[in-house]
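Next come two complexes built around chain A: one with chain B, the other with chain C.
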Partner chain A sequence: MSDQRDITISVLKYNPRDSDSNPEFVDYHLKETPGMTLFIALSQIRQEMDPDLAFDFVCRAGICGSCGMVVNGKPILACRTLIANYPDGILQLMPMPAFELIKDLSVNTGKWMDAMSTRVESWIVDNGTEIDITKIEERMEPKLAEEIFELDRCIECGICVASCATALMRPDFVGAVGLNRVARFQIDPRDKRSDEDFYELIGDDDGIFGCMSLLACEDHCPKNLPLQSKIAYLRRKLVSVK
Partner chain B sequence: MKITYCDALIIGGGLAGLRVSLATQKKGLNTIVLSLVPVKRSHSAAAQGGMQASLANSKMSEGDNEDLHFSDTVKGSDWGCDQEVARMFVHTAPKAIRELAGWGVPWTRVQEGSREAVINAKKTTITEDKDRHGLIMSRDFGGTKKWRTCYTADATGHTMLFSVANEALKKEVAIRDRKEAISLIHENDTCYGAVVRDLITGELEAYVSKGTCISTGGYGRIYKQTTNAVICEGMGAAIALETGIATLGNMEAVQFHPTPIVPSGILLTEGCRGDGGILRDVDGHRFMPDYEPEKKELASRDVVSRRMIEHIRNGKGVPSPYGDHIWLDISILGREHIEKNLRDVQEISQIFNGIDPAIEGPEGWVPVLPMQHYSMGGIRTKKTGESQKLNGLFSCGEAACWDMHGFNRLGGNSVSETVVAGMIVGNYFADYCLENELEIKTSLIQKHLSDEEAKIDKILSLDGEEDIFKIKDTMQRLMDKKVGIFRDGVHLKEAVSELQELLAKTKNIRVKSKVKAGNPELEEAYRVPKMLKLALCIAAGAEQRTESRGAHFREDFLKRDDVNWLKRTLTHWANEDDTLPTITYEDLDINKMEMPPAFRGYGAKGMIIENELSIKRQEEVDELRERMEDEGKDRHEIQDALMKFDLPMNYRENNERIGDKS
Partner chain C sequence: MSELIEGYLGTTVDGKKSRVPAKLDYIQSVTGGFLALFMWGHMMMVSSILISKDFMYTITKFLEGSFIIDGGSPLLVSIFVFIIFVVFITHAAMGIRKMPANFKQYQVLRAHSKSLKHDDTHLWLTQAFTGFVMFFLGSVHLYIIMTNSADIGPYASADRIWSEWMWPLYILLLLAVEFHGTIGLYRLCVKWGWFDGKDPRKTRVRLKRVKWTLTIFFLTLGFASLLAYIKIGIEHADKAGERYVPTSMTQGVK
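Showing the complex of A and B:
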């Protein structure tokens, strides 16, 4: 096809493990194919132009949250990013800030998320009640199950953290992702934690009182989670504790 | 030499591996989970539609039980499965789902009262009883008698994976991500752990353990057109194969899903059809009832996929720049239903294809085409999940051939298998690690480490003309073309020899960058030969199997042959320098089956070469059943008399259901 558009993908390359490496933008020129996403473009660059280029994809369907990166200044899931949405055909890619850089576009979101999950105890705390799995399950209001599911949709991609000014100033801030996890367990009747317990976990400036309500987390969330209203709700709830 | 010791080593951090880790951790074992990626990014997260378990809570699942789930699973497998394993599975699935409910999975629940649903393209009213309100809901899936698939909208795998992964963090399981097992450490037919490459530093290290469990998922990326994540390259099965001892089972049994979206190959869940979505051709005609009058769009996946291709071959496909496709129409379900229960499907269609599937009429139809989806084959194990040949090596989930899926897996049975096998195999694995001592010389560990170091050095030193990316691409395309949905002897033979040539070419490559860390081309260079070996197992097994069973369909042998082919294919790689696997077979014994071979109830009729033992065994089964029913025995006692099965923990206990009491 001769009417294929020329595009330029400019990537900030840097290998922090190599003392000879300096951060620099490298431009790759390629032809746009129909329906081309950044997953397709970057895979093609690696196969045909630069086998050394590092990036992370797993599901390539917007489900697993592996491929967050900063595209023309905005953090976004690369696999869902269509080249056609960039009219001038120039895309500048940088790794997400706030996470440890592995190489080029690859950052260690997994390590960050594990630490966050442990910090906010991102699991059901049931005080050791063993359920009998041979018996009929506990009932739950269908509406409530839906509400919990709504918050459980977070894929921990880290885009809210990369968008967040507090996260850049306070390295230990749990981010919208962490606060959303707390909001999720707070409404779950299977979780026996009280508001006081949640206050112990996130009742400080690295938690619920660190958020400056700049809203970028919600603006960029690829799952459209209601982050700001949940954070506001949680702050209201916890400010009345003690 | 960097060595880490543990009691239980688990390779693969998806749902199966993580559930195993909870079983070993619970029994006090020092457990380590290794994963290519942060575990919450595993391909388990992509399971959309749901998990089969016969809870029988909702109206459309009333009367469901283990017996029906068992029968659907065996028919689905085209009698290729191990029926004892299928029994172990269906009996534990309700317990698995209830356990997950306790760990926080927000299962969609039954809402009492009436609601509208679409069944067979017609609006129907379903009324849920008051006493079912708030229990776990289920939806319809292909090849099932009852609505049995429990779900959280269309993000079931995601919510399950997050619950299990967080439970593992809660129980302080040591999870190490960006670690890749590249070979198994073994001696005297016993496995003692793995040589592992750190994907950040490139460093090799040894993980030495009493027992090792591989749960690395499937090998879909051997094909070009696949729904699988990019990490699903079958490396777990490959390193087991490379021991020369462990066997792989039924590698030719590869499932093609009917409805990945064109061209990206991203899956649109079977829930689309389960909830009432239909398939249309170039004329907008709903064609599946013409081929499958009874199950229509909800026949098993192998059957629907073939019918779609058959219809395209009949000239009814929709032409596009990517070849012909079929339309999936879910608009008839209504916007409200789609935006609540099929939200990811809508999002995928909108983002990748610019189509809103909730718009009624052709504008909302989504292009779909069958593509590789699931690996029924894998590391062949005993019922405990331990390799039949290599002691101390266990496997479960998609990586294993346990074998509950036979030649075709039912939708909703895979994500279910991950947690169920995680519970069952996890416990047998834990017992093995408790009962066995680690007795191994450090020189053996050193030898395995040095061998792998040498292989990496060798790859970096090669200075040939071949490009590893091109070899991989050629393999993927030829697997699509010659080892796909429709197969025949001529093309399979060609595939085998072309794959052998490709394997030879991997010894004549050149990796451009010579660094050992952060070098994606190096990773391809050591993985692709492993993938080619798996591809050879698939193609050679398919060439030998001169019958059609489940997803394995031979145009030159159209019938299922119960006289000659009621057996499981076993492949192993006898010598390192071999270019072909060694194939042996394992017979399935009709006389021990609870359900002897018969017609599946869907697919073409009269296409079975019957084994006379089938009818004889059926008579035996019928007689026994009749006699015991007359004696007033219940279904559990009858089942026990027909075919015994064991389970660990309290998993053998009966499952309570709300209908029991009435």
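Showing the complex of A and C:
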């Protein structure tokens, strides 16, 4: 195993709740193992070098969206990041901006997403339509179901928010994740809200009209969601609301 | 009164969200698209000097309305420039809403763009910077042309550029306009989903390629034209102020 590559993982460590803590980069040197992901490397660091290191993970498979962090400037999911993709073996890790910092690489995306979800009313609003549960649910065209599912694949990892200059400059901006949520319900026939109703949720400079089309959301989304076209779609829809 | 209520509560008298942000976004796009396309036409007119002084003179007189008014009237040009100036100011007012408004926002934006190294974010920064530059350079140019519309022509323009020291401003303005305009048109396309087709991602790559082709084309044409005016300006420096007389008139041909 002597041909194992030496890698350096430099982590911005900081605990905002500890008055003795000052933000600083701490370097960890380790050997790369075959197929090593960043998640594996961080687990190794925590087990063998620094039990105090804080970072989040749950599924380790790019599904839960918990392990978003900024690696060499790019927000990505640690569990889906192969160390082998970094030829010089040096990775600088920072917590995702825009979210409340818990400690080191751990941020509170849940709090942000919860607020966003409440704001855009991220649920089906049927305006009191009576549903007879004894009857078979109304059929939906598979094409439309697929279209809705495509947008439902969002894992709310926060990478679109962390890569968006607008969201970083203006903390009240709803972000691509919020706009994607609205687009998802806008095309769902079970949702009875009109474009006027959606305008009430995102028709301002903190919503759809605040988006500057930098498209870092589209370029960094780990689920390859069609954010560019859906944001454009919403803009066209809502700009014509009387 | 409803304006007061809306301004105070952020809600219309009907209890609805203001429609103004939608209008502002739309106006920003319309004015920007108009100005960017106008600049293409403008560049074509300006670059007529590359063909000949006579051709540039003819174009100038045509724009002064020589086809309906004998000899043309510079007032028409002044009126047109005034309209452009109004659109320009409107677009600037719309665009400024998006710029960083304080040091904290600027600091965040700078750190983010440096570390993210994302092409479209860099393009936006270029647009914001060139837009800021044009607040001043564009206004100077527009005001001068609006108030001196009779001084457009092969010698008059060349004298202004060389003898009246406008060439440094025009070099900067040309760079700002061409980068700002072509990036702006690219952004309009992706912002509104124009030309998306079946694969918006592929379209975007193509749009960016077209954007860079246009940037290089107009910068080349712009600098070639500017150099032509500078050359004429240098040669004509000792007779600065003298107006061009077309070849047809010097030869007595009508």
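The working rule: the second predicted complex is superposed on the first by the 241 of 242 C-alpha atoms of A that agree within 3 Å, B and C clash if a C-alpha of one lies under 4 Å from a C-alpha of the other, contacts with A are read in each partner's own complex, and residues count from 1 in each chain.
Definition applied: contacts are C-beta pairs under 8 Å (C-beta built on N, C-alpha and C of every residue); 3 or more make two chains touch, one makes a residue touch a chain.
The structure displayed is predicted, hence computed values, not measured ones.
Overlay on chain A: chain B and chain C fit together in the combined arrangement. Taking the C-alpha centre of chain A as the vertex, the lines to the centres of chain B and chain C open to an angle of 160 degrees, rounded to the nearest 10. Of the two partner chains, chain C is the only one that A:Ser213 touches; chain B does not reach it.
Touching more residues of chain A than its counterpart among chain B and chain C is B. Of the two partner chains placed by superposition, only chain C is touched by A:Leu238; chain B is not. In the superposed model, A:Ser122 lies in contact with chain B only, and not with chain C.
In the superposition on chain A, no contact is made by A:Pro87 with either chain B or chain C.
By the touch criterion stated above, A:Ile63 is placed in contact with chain B alone, chain C being left untouched. Of the two partner chains, chain C is the only one touched by A:Met169; chain B is not. Of the two partner chains placed by the overlay, only chain B lies in contact with A:Gly110; chain C stays clear of it. Applying the stated contact rule after C-alpha superposition, one finds that A:Glu200 touches chain C and leaves chain B untouched.
With chain A used as the common frame, chain B approaches chain C to a shortest CA-CA distance of 16 Å. For chain C in complex with chain A, the touching residues are 16-19, 21-22, 24-26, 97-98, 100, 105, 108-109, 112-118, 120-121, 124, 187, 190-193, 196, 200-201, 204.
Of all residues in chain A, only 70, 73-74, 97, 163, 165, 168-170, 196, 199-200, 203-205, 209, 211-216, 218-220, 226, 228-229, 232-233, 235-236, 238-239, 241-242 touch chain C in the complex they form.
Contact residues on chain A toward chain B in their complex (touch as defined above): 15, 17-18, 34-35, 37, 46-48, 51-54, 56-66, 80, 82, 102-103, 108-111, 113-114, 117-118, 121-124, 126, 131, 133-142, 145-146, 148-149, 152-153, 155-156, 185, 188, 190-191.
Those residues of chain B that touch chain A in the complex are listed here as 37-43, 45-46, 55, 95-99, 101-104, 106-111, 133-137, 152-153, 155, 158-159, 162-163, 166-167, 169-170, 175, 177-178, 200-201, 229-231, 263-264, 266-267, 321, 340, 344, 347-348, 351-353, 469, 473, 511-513, 515, 517-521, 650, 653-658.
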